[in-house]
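For clarity, chains are labelled A, B, C, D and E in written order, and residue numbers in each chain start from 1.
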Amino acid sequence: MSISALRPEATTDNPAYLSVNNIEVIYDHVILVLKGISLQVPQGKIVALLGANGAGKSTTLKAISTLLKNERGDITKGDIHFRGERVDQLTPNELVKRGLSQVMEGRHCFAHLSVEENLLTGAYTRHLSRSELKAELDKVYHYFPRLRERRQSLAGYTSGGEQQMCAIGRALMARPSMILLDEPSMGIAPQLVEEIFEIVKNLNQQEQVSFLLAEQNTNIALRYADFGYILENGRVVMEGEAQDLASNEDVKEFYLGVSGAGRKSFRELKFYRRRKRWLA
Amino acid sequence: MNHSRQTGDVILDLQGISLAFGGVKALTNISFNVREHEIRAIIGPNGAGKSSMLNVINGVYRPQQGQITYRGQVRKDMNTYAAARSGIARTFQNIALFKGMSVLDNIMTGRNLKMRSNFLLQALYWGPAQKEEIAHRHKVEQIIDFLEIQHIRKTPVGRLSYGLQKRVELGRALAAEPEILLLDEPMAGMNVEEKQDMSRFILDVNDQFGTTIVLIEHDMGVVMDISDRVVVLDYGKKIGDGTPAEVLANQEVINAYLGVAH
Amino acid sequence: DEQFIPVLSYRVGPYAAGGSGFFGGAIDYFNLINAKGGLNGVKISWEECETEYNASRGVECYERLKKSQGGASLVEPLSTGIAYGILDRVADDKIPMTTLGYGRSDAANGKVFPYIFPLITSYWNQAAAMTKYLGDKAGGLDKLKGKKIVHLYHDSAFGKEPIPVLEAQAKQYGFELIKIPVAHPGNEQQSQWLQIRQANPDFVILWGWGVMNAVAIKTAQRNGYSREKMLGVWWAGSEEDAVPAGDAAKGYTSMTFNTPGNYPVLDEIRSKVYAAGKGNLSDKARIGSVYHMRGVTAAILWTEAILKAQEKFGKGKTMSAEQIRWGFENLNVDEARQKALGALNMFPPVKTSCEDHEGSGAVKVQQWTGDQWKAITPNWITGDKALTRAMLEESSNKYAAEKKITPACLK
Amino acid sequence: MFYREAGQFKTSYQSDSQIFPLRQDRIGIAILLLIALIAVPWLASDYAFSAIFIPFLIFSLAALGLNILTGYAGQLSLGTAAFMAVGAFASYNFILRLPGIPVLLAFVLGGICAALVGIAFGLPSLRIRGFYLAAATLATQFFVVWCLTKIQWFTNYSTSGVITAQEIVIAGYAFNTPLKKYLLTLLIVALLALLAKNMVRSNVGRSWMAVRDMDVAAEVIGFRLMRTKLLAFAVSSFYCGIAGALYAYAYLGTVEPEAYNLDLSFRILFMIIIGGVGSILGSFLGAAFIVLLPVVLNLLAHTLALPTHVASNLELMVFGALIIFFLIVEPHGLARLWQIAKEKLRLWPFPH
Amino acid sequence: MNFFFEVLIGGLLSGVMYALVALGFVLIYKASGVFNFAQGAMVFFAALTCVGLSEKFQLSMWLAIPLTMLVMVLLGLAIERVVLRPLVNQPEITLFMATIGLTFFIEGLAQLIWGSQPHKLTLPIEDVPIEYVMEHYNILVSQFDVIAALICALLVTALALLFSKTKIGRALRAVADDHQAALAVGIPLQQIWAIVWTVAGFVALVAGLLWGARNGVQFALTFVALKALPVLILGGFTSVPGAIVGGLIIGASEKLAEVYIGPLVGGGIEGWFPYVLALLFLLVRPEGLFGEKIIRRI
């Protein structure tokens, strides 16, 4: 495929903000999950990470944010640079201080803290006055009005979508310069999904925040992203400008669900697609 | 939509259900029913009370008001065990798998109500107990095949990716061969291809075993395509109920949930 | 030739202080003997094994060491739990076990327990002696009538052991016995002492162990109960029990089977062992402390038994455990012998027989002056031995019946 | 290269659900059993039997019992020794008061008594979870030992509260040497381990693990919490009860209630955590670790000829440090370490 | 009636002493969701170090105490670095077990350095009845206990403020909920743990000094942990004020039970009574009186 020529190369005038070079990740000393992944996120861009279940998207993100260590995963090869500095040996706290935040998959709110307290912990690394904190909170509440309504209740009791908003809002509170988003649209009502991506776009354009997002909603992800990488089985199998990917036939068929004749109804597919692919 | 399936009588009927947690009104006076063999979707914005609705149906939450009629039997509330016994199985929004157990064992737990041999026989693992175990294993392997998770059969589920866990959870619910299957966002975290498979799968279950399905899903495409009737919740109230087409045309629903983009 | 003695010691954990003192004393004496040329030329060898005062580790140590270096001559675990754990084993292995001042009182009956030697004195004789002493203090045993005595005890087999004796004597002499148990470990005794304060007894017997002792003394002070009226068992009568209680312990009395003080044998240990850098205690000041002296006493009795055996079975030879058992059964460490050993009056004269594996039953009372113990009874006291003997017979015969043993003396 | 599953295809679910699906494992365990049954009795000394093997087996059994409760059913308990005490003292009284009762039957009855006590004290677990439950199980520990000390009937009115285990005679054959006691213990432990393995790989076991991992979901699936938890308490206590009886009869001989103190409970807890929570094999590995390590350290300290008090304290420190070390290397215990080693072996000589 | 009040007051004051130990547990549980088995050993270690320093080098207590504090800080840092850091995000039971390993290590270390001899510890507070109360009401109240209670109250207030008013408090609770998420938002787990273990070390020192003055400084100080456990479950593992309230309830009721129920059943019930009592409380409130509710939403 020729699009690899379009790969966002790190050049001196456009240094890769985040660059992951050929990393290999092993869980539990035996389970090899990432088999050499390289990717670049240029400053101020949105990069999407796509791929089937179990492809290794979350693992990649956790490798970058160094949270992997605590799940008994190890980066055995390769390195990761963030703003020109090697970061794979830093602690998450140091990373957050350097401006890199992660929204983890699966919501991970602090169940025993109220929604508002959850958001406040997001600003832990920043030293804000009371009024500044309030302003930041208001901003998040403005994005997610639902959170304002539920601010006093314990996060553990809120609904799935509310928790997801809470997790995203919490990461925003750190005012990072780069955010790793793991499936932000999961469990979120469609209207809000659009809004979340609008927020992403806004932050990206107005505050130059870079994004690396793992997303299953390929459609919308490619609509908002600048670049995309497609992972399969721990390897990058395709990469390129978002528009190019979106117009690629294979991507269309497997990730966007549109084949030659346009989108098909879910009801009408009479066979299992993936099985077909394997057999082919 | 040329499917030949017939939906039957009302199997589950909820009347005037209200549920509040302290000050939070999760559900207010909700009534709707589910017919045999149908695919019934529940949609609504975040925090509308969809999951709470499922929790009421299978007895995790007790509604303060209202009554539930299941197969002609009227009750104030369900209890989880009784619900399971009477053929209601479900999946959860925040995955509730048994993290320390393998995929196979997790799905096997789904069959526990069908197991007859007592614990002494199981301790001996001999004769009827072993036969039974193997018979159930057959069923479970079919489900595993169906879900295409053969390769992770013996992996502890804690080590699986999110999407795979969702699949296992579905498998566990299916293993119970339920009459009603409650699915809470079964396709969250899946890409289109996977969603297509999953839809096919749900339809197949519905067709082949006649399982009634109650489905919560945020992907409108899926909901519109595969469900027979949709109920729409907003702020704990019912704002719409009808066929996908009817719901889609409902202005209130568009305002509250779908937005203009769709 | 060497005579091997396994040392089942405990130097960590809650009772480490006692363990290090006792086994330190014993090893110091071994070193002294060896420095002086051994037992008729037979040197003593030993090996230490840490039991942590824990029954199963103690059993492991015993099993490990019983066969090493030509076989164990004897054992002394200084722990009730371990002693029970190896009670049957020593009989099977034919290795004598001493239990100095603890363990089964009825083991003094050598017909039933041929291999067990609760030397010097047992709990029952101690209890009887306590009554005797309190009676003397009141001006005669008959003066105990109408008096109130509190038995404040560690709520375990240990603490309950003397109750039959005390109860029998309460009936006999007409005093009121109030039993107040303290739950293990006994680091809180306010409620017990409030009860005591309310009862206002004439004496309090403190049958305690470990931290319970210091706490009892302290709590007595805070409740205004006179320490002079407290009489501790000998496991409540060491520096380790009094020191932590600080000033509160001044005047407190306890039983002992050693007379506190200095003895030629201790001087010898200082000059021949410690001066040569072979001392076992890391703190020289502990030489002659209660536990250390108890260890030395034990070692004296062990070596005396070996010497006794040598007299019969061949001087200058290594004795077998069986022969040493005979030695233990025919001990006679009288005052003359004590004097020769440089330990006159350090412990009561001991003379054993098949019927009497205890060999004495005499004790003293000591008092804490604030920095050391002082004996306050010039002579050794013995209680009502007829009473304890009868109990001992009954109890040991019951054991024999349970175990299907026919009581008999070994030759 | 020798440890491969390659070429071993399962043609039936029956063969796939065997305890040891791999041929190498089956051969391994067979060899192990042969060693335990033939080579050990042949070669080992009395010391090894009565100070290492017997306590090792008994502790393994107790650990197995605790592992059923804590590892499989997720109910953290600090009252193991209490259940052991019940088993021991109940067996003692059965043999004492029903003359002629078969010893093995007495053990089983003792185990059943322990199971009943376990059920009684397991009732709170329906409401209480985690460390709260653990602290609450201490009530069992203290209460049971207190009862055994207070109520003299249990100790047959022995003045010192000590019981002397009767001789083990089965069908006229006396198990009175370390070797015989070892064989008896081995058989009992092997049998019970097999039963336990069967339980945990069938529906009961799954119900326990389900309750452990997520009790709400377990209930929704149709497991009854009360039944499942109480069954776990009962089975676990039964195992502990038998272990307690063996502790008195095959190991110590003469015991006081204090022998079953909190320390013992903790030791058994250490065993399962070190060995592997939720693993039958782990119970054995953990017991071996806790029984052997102090012995090894003691011998080591002895050969180094350190001053004794230094040696003893160092032993304790090294013991603690090793526990931490193993947890850091593998938080899921020795059993998991073993499994990883096997997985690596399977890949060997390739790294992945 | 006097006697009743004596028992009651004595019990309440003992309860405060228990609470002091329980506080150490609460701190660490709050910060990591871990039950710190080593707390008893830390109490012992702190007291022994303090006494050891003052005896060996003839230091006054006022010098020995800050020096010991320094040692406790080092200990806290070392524990974080060596034990906790590699065990982030591990199951609670693993961390619990690690603290057990720590217990052995600290016990061995303490005795290796300072020997196993018990020591006396004299604080300038005498343990005698307060005369005024004695004369006027004929009730025995120990002066030492009252002062200990004051110290404890001070400590509890300070800690309660620390937790409720600072952002550290919030961070602690976040860490206890979810290590990974806490790290992801940039909470410096290592720093926080180091701080908490140091504070726990400080609490251990205070407890060690007060208990040491009462019982002597000896290995058995580690057993005071057993007294603190029922307090902890009754008050709730996560609540600082809960420790105090739990302490008062446990202290008073255990003494009353021993005095009034004990004689009926043969006495010595103090060992298990508090546990049974706490258990009964738990049946009503499974997370203790003030503990955080256990959230089990699906």
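Please note the rule applied: contacts are C-beta pairs under 8 Å (C-beta built on N, C-alpha and C of every residue); 3 or more make two chains touch, one makes a residue touch a chain.
Only a predicted model underlies this, so the values are computations on that prediction, with no experimental measurement involved.
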| item | value |
| --- | --- |
| Reaching chain D from chain B through chains that touch each other, fewest steps | 1 |
| Both-way neighbours, i.e. chains that touch chain E and touch chain B | A, D |
| Relative to chain E, chain with the most remote C-alpha centre | B |
| From chain D, the most remote chain by mean C-alpha position | A |
| Interface with more contacting C-beta pairs, comparing A-E to C-E | C-E |
| For chain A paired with chain C, centre-to-centre distance based on mean C-alpha positions, whole Å | 73 |
| Separation of chain A from chain B, taking each centre as the mean of its C-alpha atoms, in whole Å | 28 |
| Euclidean distance of C-alpha centroids - chain D vs chain E, Å | 32 |
| CA centroid of chain A to CA centroid of chain D, Å | 47 |
| Multi-chain contact residues (two or more partners), chain B | 60, 92, 94, 96 |
| Contacts with two or more other chains, residues of chain C listed in rising order | 11-12, 16, 20, 155, 183-184, 282 |
| Touching two or more other chains - residues of chain A | 28, 157 |
| Contacting chain pairs - touch in the sense defined above | A-B, A-D, A-E, B-D, B-E, C-D, C-E, D-E |
| Footprint of chain C on chain D - complex, ascending | 45-47, 50-52, 55, 142, 146, 149, 158-162, 164, 166-167, 251-259, 263, 291, 294-295, 298, 302, 307-309, 311-313, 315-316 |
| Residue ranges of chain E in contact with chain C within the complex | 3, 6-7, 10-11, 14, 107-108, 111, 115-122, 127-129, 140, 142, 144, 211, 214-224, 226-227, 254-255, 258-259, 262, 266-272 |
| Of chain D, residues touching chain E in the complex | 76, 124, 127-132, 134-136, 138-139, 142-143, 146, 149-150, 214-217, 220, 262, 266, 270, 273-274, 277, 309-310, 313-317, 319-324, 327-328, 331-332 |
| Complex contacts: residues of chain A adjacent to chain E | 65, 67, 69-71, 91-93, 95-97, 101-104, 108-113, 117-118, 120-122, 124-125, 154, 156-157, 167, 170-171, 173-174 |
| Contacting residues of chain E [partner chain A, same complex] | 88-89, 167, 170-171, 173-174, 176-191, 292-293, 295, 297 |
